[in-house]
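Presented sequentially are two complexes of chain A, the first with chain B as partner and the second with chain C.
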Partner chain A sequence: MIDLLLASAITLSVPLVLAALGGAIHRRSGTVNIGLEAHMILGALIGAVVSGATGNWAAGALAGLVAGALSGLLMNLVITRLKGNEIIVGLGYNIVMFGVIGYVLRAVFGVSGTLQVDGLQRMPKLVIPGVADVPILGALISGKDPLFWLCVVLVPVLAWLLRSTTWGVRLRATGASEPASASLGLRTLAIRDGAGIVAGALAALGGVALSLGTVGLFNENMTAGRGYVALAAFYFGRSKPLPTALACLLFGFFDALQIRLQTVGGFNADIISTLPYIAVVVVLAFTGIRQHYRGARALS
Partner chain B sequence: MTGTATQGAPVAPEPTEASTPVGRRAATALGRVARHAGVPVVLALAIGALVLAVTGNDPLEVYGRLLSEAFGTPSRINATLAATTPILFTAVAAAFAYRAGAFTVGVEGSFVLGGLTASVIGSQMADVPPVLSVLLPLLGATIAGGLVAVIPGILRAWWGVDEVVTTLMFNFIVTGLAGWSVQSFFLAKGQANSSTEYVTENAELPALAPPGQTSIGLVIGLVILIAYAVWMRYSTLGFEFRAVGSAPRFSAAQGLRVKTVLATALIGAGVIGGIGGGSHALGLVHRYSEGFSANFGFTGIAIALLARFNPIGILVGAILFGALNSAGATVQLFIDLPVQIIDVLQGTVMIFAVAVFTLPKLRRLRAARAEWKRP
Partner chain C sequence: MVAQGGLGDESYNDYAYTGYQKGLKDNGLEGTPIESDDIVGQGEQVLRRAGDEGLGLVIDLEYSHAEILPKVAADYPDTDFALVNAEATGDNVVSVLFQEQEGSYLAGALAAIQTSNTSDPKINADKVIGVIGGAQSAGIDKFLVGYIQGARDTDPDVKVLTAYSNDFADPTKGQQLAQSMFDQGADIVYAVAGGTGAGVIQAAEDSNHYAIGVDANQDDVAPGFVLTTMLKRTDVAMETLLKDYKDGKFPGGETLNLGLAEDGVGLSDFANTKDAIGQETIDKIADLKQQIIDGDIEVWNVVEQGYPDYYSGQ
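== the complex of A and B ==
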């Protein structure tokens, strides 16, 4: 029972971790990415279609990644070059992307909502011999898809990139104060575009994890607000890779618990689905109030 | 870094002239709205045309059909006005908060909870005298809509907690709570999808021109729009709204009631959104069901931004978007066209409503650079 719950919590948090890490990078560069949901659904669709066309999951994942990167760049260009407000552009971008995908599904593929791709290859489950039978540990790390391992690698790598590389320092400087960074000669707009590309690519991989992971088909509602949960996660994790990923694990656990309780009955799924958002409001309120009083003391 | 950095409204409102006559002021304002709104709308139509052309439709034919479906006959105009009603409320709500620089995206949540509350109260109105049977559900919707915005409003006004994220999160919290309470308490029996009971007949907002669907809700919306215009212009708090919206720190230094303004802005937007949800429930759909709000809160934001918070612009924008919604719903009966094309158009308008088009300036910038490089 607990093994099953943990295993499904991990599986459910992989898309969240990927999208949230992308969002966190983007946030560190100074942009709140509301469009994660759009990048995810695009990645899920392209991943499924290309995996079906080539019969190779890796090609699907790669295509999803590229599509997400382009999508991230496109959205970010409106924010950086046309000075569009990031929140409005993100909300509008989600509406457009879901509109385009819904339209294309019906006009081109002739299906309403769900796309069964012929010859789609799902991601392999990497069973680790020996570990698979160990209780708990087996559920935690055995039988996971490659994107799970990508997450495991990405968290420390991104943390290191942000902390110790020129790219990371410049990115954080841009996020901390764009005018100051620009006055030091950094190409802040290009840096922010780069972060937007990373955010789009990672979020799209999260979408790929959905469509090529457990189910192996595409549905226009398959992200089901996960982009916004990812947003909640990087706010919760203060845009640092490890805390963000842990927040995703927590939210993934909520999700698994909710599915579990649904089959058992007795508790409502809708209530559990609000927990990530309540958590974010509480965290924002807490840090905001604390900063407010610190600031007040510093001034006086 | 945790988002306590507060943002202003996404676009600056137009300056208000002091002493020009109302007629001319309205005319110049309308001209400005047309200029600001023109580029996003044209761009959206162009992108929509691209999508249509790529998928083998004739854009001109589709747009022509949309136009005739929106305004072709009196009954179609009636349908367009019915679709205008909910987004008129949400647009006024968004504009109300944005004038004070309070950047709420939570009108959607207020709209949903207002609609649910009005539906639940409205279904219990069988033995209540006529006028009261409408007012009670609407009052409930008003309070519910305001309640959604209370926590973000207080957090923003007193402690400077970024209202964008909190209001966005409250949309999802409200959706979850609404789904849970419908499932647990208010589920109508014998319905396939989860929805509440229909409101009683005496709680329905009467139609303006039956059999058309446009109800008294449109009149309520127009009254609120006019009240918004008058209040912004002539009341003291309205003046403070505009001052805080354009220069918050200066306003604080001048002793304006910044906290009151911000709390009123956010909660007021919730209240207006709540009435909108209530009117939508009582006037059009007569119950609350899943998917009660078709992104009305976000469409309202797009309209408010396109109109630069100008009341006449809001009305025109609401009718424009209402036309898209009503035409989109029926146009697929005539041509084989997925209704999602309407989302593409609306979302594109929303994106470009906040974009700043500085292509002419680019040329000047190049000229200036060339000037510097000259020895």
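== the complex of A and C ==
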């Protein structure tokens, strides 16, 4: 039971982790990315369509990544170059993206809602011999798709990049104070655009994790608000890669738990499906209180 | 004909449109679909414009128009109106309701028989089946309770797991919910959850079990893994309405209940699962269908009767 719960929690977390890490990088450069949902749904669509056309999941994932990078750049240009308000641009971008995708589905594919792509290849589940049957550990790392492993690699790599590389330091400096960074000669707009590209690309991979990972099809609303959950996750994780990823895992765990509790029966579905959200609020409150006291101690 | 959310959904609207076109052709009538991007908000304008054009019959597929339709219909007494999936009042208004619980009863009965058919490699030893609703509401629980009743009446030992996805377009959640049911010994899961159901079918294919589809025929989405589909024949409704209209028998002020007897709902023809189910079971289901039509079996209707004591909707 616990094995199945953990495996389910990880499956549900991977799309969130990818999108939230992208959002975290973008946030560190000084922009709150409200458009994660749009980048995700675009990645899910392009990934599914290209995987179907080529019969190759890697080509699909790559195409999704590129589409997301372009989408991330486009949205970010409106914020950095046209000085649009990031919240308004992001919200508007989401609405436009869902409208365009809905239109394309009807006009090009002649369907609405679900798109079943012929010849689509899903991502493989990588079973690790020997580990697969070990309790807990098997559920945690065996039978996962390549994007899970990308998350595992990305968390430390992104943390290192932010902490120890020129790129990371400049990115954080730009986020901390754009005028000060600009006065030092940093090309702050270009740095922010770069972060926007990373955010779009990672969020789109999160979408690919949905359309080629958990299932092998596309639905025009299949992100189902996960971009907004990712938004909460990187706030929760103070835009640091590891805490952000843990926040996503926490949400994924409680989502998997509510699914199991529901199917076991005896619980009201409406109440129990709020469990992941309540868990996030509770943990947010605890971290907030702890920080408050820590801050008070540091001052005294 | 006023579409709900636009044509091209390969389900409800397109299904209705097919029947609409056939009805037009068979009865020598002329007609056109009316679509709007905001069919809920612009409902009144759309209906009034249709009335202004002096159309003879306006069929409305959007159930949320139940409140405005009587007002509009009263202003256009020379036009007949029909509303699908909801009840509206008025002398020139016909309401069309589907008895989805009757078709769901058959789905439940079939699942209860099949879950004991362990010679089928997709069936495990546990007598457990499942059903996933898109949201908890009387309109969806009508399907669920019909299914549970069908299973209980057929084999009281069969356990029915229930869950709600709270989203009609999240296949990932559907896949996870179904997987969780399969993990608990279920082998057949009925999905009453729109696009979320696509994930349920996927889970069935991945774990070598069965899903049961809903509305438009989903048997070919994953051939062999969709045990059957509980069809909702919107096309039959359209043809019936147009024929009555042509014959001058338009039943204004009445409510048409389309159930098994009218072929308004029913199971698909088991195109890919005939052999796995077996003729004996298919005959049994046909017999149950006849008993419902004859009134020997009464299927619980949540919308009219509330919740039965064996299912509280939780």
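Here is the rule we go by: the second predicted complex is superposed on the first by the 265 of 300 C-alpha atoms of A that agree within 3 Å, B and C clash if a C-alpha of one lies under 4 Å from a C-alpha of the other, contacts with A are read in each partner's own complex, and residues count from 1 in each chain.
Operating definition for what follows: a residue touches a chain if its C-beta (ideal position, glycine included) is under 8 Å from a C-beta of that chain, and two chains touch if they have at least 3 such contacts.
All of these numbers come straight from a predicted model, not from anything done at the bench.
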Check the residue A:Ala232 against both partner chains and state whether it touches chain B (first), chain C (second), both, or neither. first
Quick one: classify A:Asn219 as touching chain B (first), chain C (second), both or neither. second
Output check: A:Gly110 vs chain B and chain C. Expected answer is one of first, second, both, neither. What do you get? second
Just checking: does A:Gln262 make contact with chain B only, chain C only, both, or neither of them? Give me first, second, both or neither. second
Which chain makes contact with more of the residues of chain A, chain B or else chain C? B
Tell me which partner A:Phe254 touches in the superposition: chain B (first), chain C (second), both or neither. neither
With both complexes superposed on chain A, which partner does A:Leu210 reach: first (chain B), second (chain C), both or neither? second
Scan A:Ser273 for contacts with chain B and chain C and give back first, second, both or neither. both
I'd like to know which partner A:Val78 touches here: chain B for first, chain C for second, both or neither. first
For chain A, what residues appear in both contact lists, the one with chain B and the one with chain C? 106, 268, 270, 273
Would you tell me which residues of chain A are touching chain C in their complex? 4, 8, 11-12, 15, 106, 110-114, 116, 210, 214-217, 219-222, 224, 256, 259-260, 262-270, 273
Chain B contact footprint on chain A (complex, rising order): 28, 32, 34, 78, 82-85, 87-89, 91-108, 175-176, 225, 228, 231-232, 235, 238-239, 268, 270-271, 273-274, 277-278, 280-281, 283-285, 287-289, 291-292
Spell out the part of chain B that touches chain A in their complex, as residue ranges. 1-4, 7, 10-11, 51, 55-57, 103, 105, 151-152, 155, 158-162, 164-166, 168-170, 172-173, 175-177, 179-180, 183-184, 295, 298, 301-302, 305, 337-338, 340-358
Chain A-touching residues of chain C, taken from the complex the two chains share: 5-6, 8-11, 130, 136, 161-164, 166-167, 169-177, 179-181, 183-184, 194-195, 198-199, 202, 221, 314
